[in-house]
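Take a look at the structures below.
There are two complexes below, and they share chain A, which is joined by chain B in the first and by chain C in the second.
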Partner chain A sequence: MEAYINGISAISPQNTFSGGLLPIEPVGYSGIRSLKCIEPKYSDFIDPMVSRRMSRIIRMGVCAALKCLSEAGIRNPGAIITGTGLGCVEDTGKFLNSVYENEEKLLNPTPFIQSTHNTVAASIALLLKCNNYNSTYGHRAFSLESALIDGLMLLNEGSAENVLVGALDEMTPELFSITDRLGFWKRQAIDNLTLGNSGGRGTIAGEGAAFFMLAGSRTETSYAKICSIRMLYRPSGIDETKSWIREVTGNGNPGLVILGINGDEKTDTVYEQLIEEAFAGIPALYYKHLCGEYDTSAAFALAMAAGILREKRIPEIMKTGRFPDVVPSRILVYNHLRNTDHSAILVESC
Partner chain B sequence: MPERVIITGTGIISSIGMNYEENLNSLRKGITGIGKNSHLETIYSDEIPVAEVKSGNRELRALAKVPQKSLFSRTSLLALIAAGEAVERSGIRNEDGLRTGLISASTVGGMDRTEIFFKKFRTEKSQGRIREVISHDVGDHTEAIASAFGIREFVTTISTACSSSANSILLGARLIENGILDRVIAGGSDALTLFTLNGFNSLMILDKRGCMPFDDDRNGLTLGEGAAYLVLESETAVTKTGKKGLCVLTGYGNACDAFHQTASSPEGDGAYMSMDKALGKAGMHPDRIDYINAHGTGTKNNDLSEGKAVERLFKDSLPPLSSTKSYTGHTLGAAGAIEAVFSVMAIEHGCIWPGIRFISKMKELSFEPVTSLTTGTEVRNVMSNSFGFGGNNTSLIFSKC
Partner chain C sequence: MEQLEQKLKEEIITALNLSEMKPDNIDVNAPLFVDGLGLDSIDALELTVLLEKKYGLRIQTSEEGKKVLYSVKSMAEFIRSNNKG
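Moving on, here comes the complex of A and B:
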């Protein structure tokens, strides 16, 4: 099974939405523990009367989806599938607060209605009046991957000619303080672009909304081709991860890998071991200094992979170590979340 | 030809029973699980009935065989119990080299634990026991099952509101048909929470008398809790292991109503499309359906639009229809799987489950739900509907092997 990526739109802490997709001129933030998205001018995409009622994640998701569709020249996609680790966090927190604040009485239902994980996919369908297949995955660092596999299957089955797949997660002050207490983030504020050699435990928080228009055939707007998506839950150890990676790449190594290195010295050892063995001699890029850590961050990496394959250039800021002058035709995106959810996406130029 | 998808095991826990046998018995005897709450703490205890699983978390931990000190959410405990039963009843073993996946579903996941944490945390950010919140996300309970049964190569969670677990069954079938997996444990789980009770109450769609699906005087749904899982296997895998299948998943359809975030379109367009797609997939004329397990929440809006869509699609060949939410309440992310298990039971035991809590026929519809138990009949094909917020509609068709 494979699919062409014929449109991409990404709202991220970089200028990926309004500028070029690739961070040729990366945005650095100094003294931060959490990266926030650079939000577009929504009124260019959504009627302000409609977006007024939307929470931030819904606005970001709908806006990214609409731009992705327009780039690919699709009005009514054959399916809409989203993935989100934590869903609509802001509205969930808002409603939960109100339950206690108002002692369960006279609550405003709007944040409850908009708290469900499928709100964004449903809002897109509502705006487009799209009655086609519609689904939402909510599984940590498998959310994007599951949505992509579903999309590839729809194309393979002939159930849809094209599929809009999106992945999104938002960070809120409340979520940051909870996850901070869980020890996810570095104690010290850092400059994001130095994340790779920051040392110590924890990483920096991030967020993003990225959409991909998938189809069974190549068009003028094609970026790249997704060849394989695989997930591995809780591998027994590095050896299993290694043999699984070999299985994913099959015959022939990728020309480039994009790794989920996040500056946490404990969990980054998985990448380091792979760089030494399974990925030995393969140039490696990393991306989490650009977008931060979140459940669906692999979507940012996938957008980068597709951008690199189409534009045939590699952003300096993503390179790790010494780097040969290559223009790869095959890129593997490999990410893991706290060494539990491991995923690999193989992309080829087309 | 894609592989046929065989159901080889089912497991269930709901307000009408802690396991398969108890649920079956309650359906046969017409016993509802709707009543006063005894575990959820809310100011609405005397006002709003719910359909609670009868055991507290202590008993659930014992049934799920996890340590009493563990901090599993109620959603995870329900999931572990029902998935455990499904695995046991199907007799699948992890060592036989078949590619096995797990797809669960939930709308609020570990919200029950989050609420304990949040009550303290919201007033002082350093307060609340932080370990209470690690099970918050909807994927947590799925990983609890995956870890318990050693499933590693395909683990995911669907969250499409009230159709979540119908979509996990649909996805399971497609993964088998596409040759990606040989078998899948698919289902969903949701515990009762203050969040959902107050959410639906704020929408003013909780019937204070308890839900009355397809009744002219219906006034809303009743929230329930539970979990259910089905073991789906490819025909090749079933043949290889020499197992006997319970039934076949012959049809499925997913469509989006795209009408309103919470309300269904008046003519039930999304419902019509998901049922029509399911029939199309099964290659079946509507007159071959012997029973419809309706979504039938008991809200004014759902039952009318679902009823209209059923009339439009089935015309003169309308089969017996009922909503088993009159027994279990609306179990949200678990509803699709719970009702799928009831549909499989109907085929296995040759029964058609009557709708209970019904008094008067809806004026707008030509039909009323079936209200008496049919036994000893051949039930060949059952359609099960699940519709959710956001217009996420899914229909499944189960057929005799």
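Moving on, here comes the complex of A and C:
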């Protein structure tokens, strides 16, 4: 199964939405433990009467989707599929707080209705008046990958000519506080651009919304071709991960890998071992210093990979070592979340 | 402008996130739904919760709801008729 990426839009802590997709001047944040998205002026994209009920993640998702559709020149996609690890966390928090504060009485309907994972995909469909296939995957760090596989299957079986696939997750103060108690984040505030060398346990939190317009055929503005999407759950050890990576890449090595290194010394060892063996000699990039850690962060990496293949330029800020002058034609995005959910997406130039 | 109507307008703007709107933009006699402010069924639920939370008033039937939630004026009259204004 293969699909062409014919449009991309990403809202992230970098200027990926209003500036170019690939960071030229990366946005650095000093003394932070969590990165927040740079949000666009929503009223330029969504009627305020329509957006008034939308929480931040819904606005981000809808806005990114609309820009992605516009870039690809599609008005009514054949399917809308989203992936989100935790869904609309802000609305879920509001709803649960209101249940507690009002002793389960007099609950406002809006946060309840919009606290579901599929709110963004549904909001896009409502706005577009699109009655086509609509689905959402809430599979933690496999959410993006599940959505992509569904999209590729629809294209492959001819059920849709094009598919809008998006992935999004938000960070809220409540979620940060809960996950901080679980030890997910660094104890000390750091500068995000130094994340790779920060050492110690934990990483920095992040968020983002990225949408991809997929189709079975190439257009003049196509970014890249998705060739393979694979997932590996809880590998027994590094040997199983290495063998799985070899299966993913098949006969030819990728010319470049984009890794989910996140500055957590416990789980970054997986990447370090792969760089020494399975990825030996392959130039490696990393991206989580730009967007932070979240369940669907691989969507940011996929956007970067597609942007690199189309623009034939590798952002300096993503490099981990010396690089050849020529941009390779195959890129592997490899990420894992706390060494549990491993995913690999192989993209090629087209 | 009576004080209760003005207060209701501000509460409606907050409850329904009508951030682009000012109280003066809302005509007390104009219908809140469809033609007037263009509110919908979810807004009706939000306004029902508002009346109960802020004024301790419960709308009993859908017919009563249609009358009470017709405009800012009808909401104010409902509150006054129940001695809550």
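Going forward, the second predicted complex is superposed on the first by the 350 of 350 C-alpha atoms of A that agree within 3 Å, B and C clash if a C-alpha of one lies under 4 Å from a C-alpha of the other, contacts with A are read in each partner's own complex, and residues count from 1 in each chain.
Keep this in mind: a residue touches a chain if its C-beta (ideal position, glycine included) is under 8 Å from a C-beta of that chain, and two chains touch if they have at least 3 such contacts.
Just so it is clear, the model here is predicted, and its values are computed rather than measured.
When chain B and chain C are set side by side, the one touching more residues of chain A is B. In the superposition on chain A, A:Phe300 contacts neither chain B nor chain C. Once the two complexes are laid over each other on the shared chain, residue contacts for A:Pro48 go to chain C alone; chain B is not touched. Applying the stated contact rule after C-alpha superposition, one finds that A:Ser123 touches chain B and leaves chain C untouched.
When the shared chain is aligned, chain B comes close enough to touch A:Pro235, but chain C does not.
Judged by the touch definition given at the top, the superposed model places A:Pro109 against both chain B and chain C. Contacts of A:Tyr286 after superposition on the shared chain: neither chain B nor chain C is touched. Once the two complexes are overlaid on the shared chain, A:Asn134 sits against chain B while remaining clear of chain C. The intersection of chain A residues touching chain B with those touching chain C, taken from the two complexes, comprises 107-109, 113. Those residues of chain A whose C-beta lies close enough to touch chain B in the complex are 1, 80, 85-87, 92, 95-97, 99-101, 103-105, 107-109, 112-119, 121-123, 125-126, 128-140, 142-143, 146, 149-150, 153, 156-157, 177-178, 181-182, 231-235, 340.
Chain C meets chain A in the complex at residues 15-20, 38, 42, 45-46, 49, 52-53.
Note for the complex: chain A touches chain C at residues 48-49, 52-53, 106-110, 113.
Residues 42-44, 106-107, 109, 114-115, 118-119, 121-122, 125-126, 130, 133-134, 136-139, 142-143, 146-147, 151-161, 167, 171, 174-175, 177-178, 180, 194-195, 198-199, 201-203, 254-262, 269-270, 273, 388-392 of chain B are the ones that touch chain A when the two sit in their complex.
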